[in-house]
Amino acid sequence: MSITYLEAIREAQAKALADDPRVFIYGQDVGKFGGAFKATKNLAQEFPGRVIDAPISEDAIIGAAIGAAIEGMRPIIEMQFADFSTVAFNQIVNNAAALFWRTNVPCPITVRLPSGGTSGGGPYHSQSLEALYAHYPGLVVMTPATVEDAYSMLLEAVAIDDPVIFCEHKYLYYHLKAERLPTEAMPVGKARIARPGRDMTIVAYSAMVHEALAVAEELATEGTEVEVVDLRTIKPLDTDTVMASVARTGRLLCVGEAFPWGGVTAEVIARVASEGFGLLDAPPQRLNAKDTPVPYHPNLWAVHRPTARSIAAAARNLIRL
Amino acid sequence: MVHFRDTYLKAYQGMLLARILDDKFASLYRGAKIHGGVFLGRGQEALSVAIGLFLNKGDVFAPLIRDAAGRLAFGEPVIDAVRTYLGSPLGPMRGRDGNVHRGRPTEGYLPMVSHLGAMISVVNGVLMAHRFKGIKGTVGAASIGEGGTSTGAFHEGLNQAAVEKLPLVLVVANNQYAYSTPNSRQFACNDLLDKAIGYGVAGHAVEGNDLGACLRVMREAVDKARNGGGPQLVIANLLRLCGHGEHDDSHYIDSKYKAEQFGRDCLKVAEEYLLQEKWADAKTLNCWRDEATHKVEEAVAIVQREPTPDPYQENWTALASKHLNDGFNK
Amino acid sequence: MVHFRDTYLKAYQGMLLARILDDKFASLYRGAKIHGGVFLGRGQEALSVAIGLFLNKGDVFAPLIRDAAGRLAFGEPVIDAVRTYLGSPLGPMRGRDGNVHRGRPTEGYLPMVSHLGAMISVVNGVLMAHRFKGIKGTVGAASIGEGGTSTGAFHEGLNQAAVEKLPLVLVVANNQYAYSTPNSRQFACNDLLDKAIGYGVAGHAVEGNDLGACLRVMREAVDKARNGGGPQLVIANLLRLCGHGEHDDSHYIDSKYKAEQFGRDCLKVAEEYLLQEKWADAKTLNCWRDEATHKVEEAVAIVQREPTPDPYQENWTALASKHLNDGFNK
Amino acid sequence: MSITYLEAIREAQAKALADDPRVFIYGQDVGKFGGAFKATKNLAQEFPGRVIDAPISEDAIIGAAIGAAIEGMRPIIEMQFADFSTVAFNQIVNNAAALFWRTNVPCPITVRLPSGGTSGGGPYHSQSLEALYAHYPGLVVMTPATVEDAYSMLLEAVAIDDPVIFCEHKYLYYHLKAERLPTEAMPVGKARIARPGRDMTIVAYSAMVHEALAVAEELATEGTEVEVVDLRTIKPLDTDTVMASVARTGRLLCVGEAFPWGGVTAEVIARVASEGFGLLDAPPQRLNAKDTPVPYHPNLWAVHRPTARSIAAAARNLIRL
């Protein structure tokens, strides 16, 4: 038996619904239809009345989740694509994220954002919005890179008392498979050494972890041992694990699929440069998507975002610095 | 009729308390004792108090900036309001948020965010949760100004309530202006009540400065919602008898409105009615006024002796899960 | 009546071309020649073509995903559509955006963003600009699905047009579903037409699969808007005769709808009418079909020989002011 | 005669309206009332029909600006507070910002965001959102710190063919005065050395420039010469000027009033660390607001954002590193 990243997300939701009567799912087409990506397949049938189709009203969808959370429920919200969360932006960052700080009442909602690029997705079905949500205080932002993390982190997202932005990568939905679902998991907020190495640290998250691993594989054949750190959660960001890795390797390349200005790679480098300056044997480097909307045509898309090829080039460059 | 009289008297006293509380905030503002804006409900107390009055424990209320009366009627202690305006760490918002941005979410009293319309769907969510939990017979009320009806959030929220057939009472206080913006620049329908049919919800109109009318209409709307009638849209016609905030002299308000029936001060209208019906005499009114003034002054005196927030006692963490706080505020 | 006949014939040919173009996209999709989604207007061509047909040069049109017919009628060359779907660098979107996200803004043909409702206010802005520039007699049309009426953007856009009394024709294609979501989960009014009065705009209803009706109603709506009648809300009843996208088998569509009058294929309905009125015979219809097929095949053949985008020729700059580009893409 | 930052904004708009028939102003209460802050005072009267009150519909306000810009107009949009732009977020980042890249048709709109904290403003009338807008491709983000820049940069914002997010600081509205309006200006996209110094560079923008200047003044008495760089525009970000300054001083402290995760300070440090690593004699440091919503009470507010006091402490710390 093997299970995909997408199926893991479905299974986590099934388990959350089964284990906790406070959980319900709300979003466009999540009911009988099972969601645009089938992440809620059969859940409406298995859990009658608890998987609810919403109108095309993202702002009100999040608003309702907040109200339900105040009453002790644990809503899971599916945005049809991460990109459409921009019309729910205000409710997420100004209402959900601020509630606990303002009132001492927690707001345990999970917002699932099908994120990231796929070939032919174009500017409005490809975005990676983790940096927007991490910038605002009051949110936990998860970016699982593995089937195991997709499963266990989604369960943890539901259990956490704070609003969680769960960035699940569409490219990994079908591409990524595991043998079985995990029975235990690393704590939320801890990064993972996805591959150990002594010559250079590549910090990545979500789909880019796999590009980084491919690069590590490739560079190993050239005698360069790359350590790959999978951030798992970008807020909070596990500076300690990153710093410990850089302490071992002396070199840092940070890779993200999002737009380049600000964002995860800037935050990681700023932290390492200010708190771990002495650990660095070379200037820390970063690689992001290009500073344009995400292009539609595969030729353009393949160059817009970092890939194993461009990461390898950057890594080879860094090793020479 | 006895029953109505009791309600009326109670409502009047709520309006009076709200007016006196608001006046106190205005005077504290003038004395530079309040930081930031002060937003009053002057002229809108009759409508507002009627919302709060018919809600029960277990119901939910999302008031807006002109709802001092409704908040008190819903059960807000005067001192919560004062503490929030003065930023006391002992108030429900602990100096973190202020003025009209206050509430106690676990008591069904939702603290508004500034973004107009945003609280409507939050009320819906509370009502959906009640449904999930099998709690029956509760109602949710949300306030909005006629200006706020232009927001996408208003539309999505009301439509969501209609689709879910939630017991939402959405009260639009049409005070003719949104800040300085007159209705002619805000919407083009003949009557905001015409919006009800387009959402498939019940509609009610009321003269918002007539306490008796407000009580009758609001009771009907709340009862209908409570008894499975789905969302109720209440449109009240009235006039704001103050600035948008206390910084604003409201010179832009067309004097023609002040001459209209609905431009009369609802508190005065109610007083006249009380006297006319002989439900109270001038002496009683004075006595109530003194009581309310005392209540407000007492609360202010208490709060003014309270400590102000100590930033070094603050934990500066926005998350309930302390262990997930990012490392910035170490 | 001669005039109507001419319009009808032209419209029919537009529908036919759109259908054949859509079918071609479907077949290219099945052949994995198109990356990403393919979204068809099957069953909605009568309504869509009628929108495009009554717009003139200088007018503005913001189509949505099911508007292949309206786009062509508004003047879009077939090759623009093909180039966009295939991502040709020679198309209007140059491979940067694709499929239904296409247009030529300076020609009044606005390229949709995916976020439903967002284009309505953009049309308003164009019409406001016309007013500023003293351009008179132009009209703006925007399409939306019944699902899209639940967006805040729809509400704000229609209200804005009403306040500004703009010549906006807003056409709601009520095809009973938003993706898989039936109307019962989308809105609660008896009829979407009931929304018009709440905005203070004129409302029109039409059977969306009856080309004659669509032409009559749309002409009336466009004329009224053009002649100072303010915004016009057109509600069409119809059925989508395909999946949401070509990846979708639309199994969720209740078969009862297919039995309804409005569930009949608008193209067939129009053909029958043409034959019945003897405005065309079977041979002519075949001939038109062949012509349209030829046009589409020719365009596809051309585009398939065109180069694909070269990422190394891209300047990767999102700003018109090249000198203000930040240094990332150096 | 003296002119405030707020008056400069009014004057710039008056001049834009007078000089260019394509310009109009649209926003809530901007007409006869002159705007919540009086930034459009008398403009409706002076330019009849060109200063238009909008309904409370931020999404549609930006949408209309885009449409007008497509038709060759040059709309200036006033958000009543920057915080309310979150409900127009989608139109700004996905429609306005992407238009040129998608279609080759420019979208010259100026969105004025009254930004930043004032005492008693609280969580929803105090935000600094420059990082959100800088993250998305396709926008120019200006953060004027002086009366002169408020004037000349607003004029330039209107002249630029791209959408400009104009972050004007509410605290500076009345506090900041100049003798006269400028007749010439530095180019957009160029940072300014607000005060030269050889021991340390403080990079700041908007209101924080003045806090930094106060610190420079104070540290000068202790023998530390602080160079203050005013970024002026945070996208594009003038890396060259920052780098040249750090080359002179060897020490970098970057200060912003926005939330700490990501944002301007992370971006500046990431650039200097990766492109100018060798210039640094000490770890680059940063100071931002705290990672919570902006508090209401002045006691809390004063500690939430960086002030001359906390900046001075960070600067003294850095000089010892």
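Note that the chains take the letters A, B, C and D in the order they are written out, and that residue 1 is the start of every chain.
In this text, a contact is a pair of C-beta atoms (placed from the backbone, for glycine too) under 8 Å apart; a residue touches a chain by one contact, two chains touch by 3 or more.
Since the structure is predicted, the reported quantities are computational estimates derived from the model, not experimental observations.
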Quick one: point me to the chain whose Cα centre is farthest from that of subunit D.
-> C
Subunit C and subunit D: spacing of chain centres that average the CA atoms, whole Å | 40
Using the average of all C-alpha atoms in each chain as its centre, how far is it in Å between subunit B and subunit C?
-> 44
Just curious, how far off is subunit D from subunit B if you go by their C-alpha centres, in Å?
-> 35
So which stretches of subunit A touch two or more other chains?
-> 54-55, 57, 59, 83, 86-87, 90, 94, 97-98, 101-102, 123-124, 137-138, 235, 237, 261, 290-293
So which stretches of subunit C touch two or more other chains?
-> 93, 96-97, 101, 113, 115, 150-153, 156, 159, 163, 185-187, 317-318, 325-326
For the protein chains shown, what form does their contact graph take: line, ring, star, complete or other?
-> complete
In their shared complex, subunit A is touched by residues of subunit D numbered 59, 83, 86-87, 89-90, 93-94, 97-98, 101-102, 123-124, 131-132, 134-138, 235, 237, 258-259, 261-267, 269-270, 272-278, 280, 282-286, 290-293
Contact footprint of subunit C on subunit A as seen in their complex | 28-29, 31-33, 36, 53-57, 59, 81, 83-84, 86-87, 118-125, 260-261, 288, 290-293, 295-300, 302-304
Mind listing the subunit B positions that touch subunit D in their complex?
-> 34-37, 87, 93, 95-99, 101, 113-116, 147-148, 150-153, 178-181, 185-187, 252, 308-312, 314, 316-318, 325-326, 328-329
Within their complex, state which residues of subunit D touch subunit C.
-> 24, 49-50, 54-55, 57, 59-73, 75, 87, 90-91, 94-95, 97-107, 137-138, 140, 160-162, 188-189, 235-237, 239
Touch list for subunit C against partner subunit B, complex | 150-156, 159, 162-163, 165, 184-190, 194-201, 230
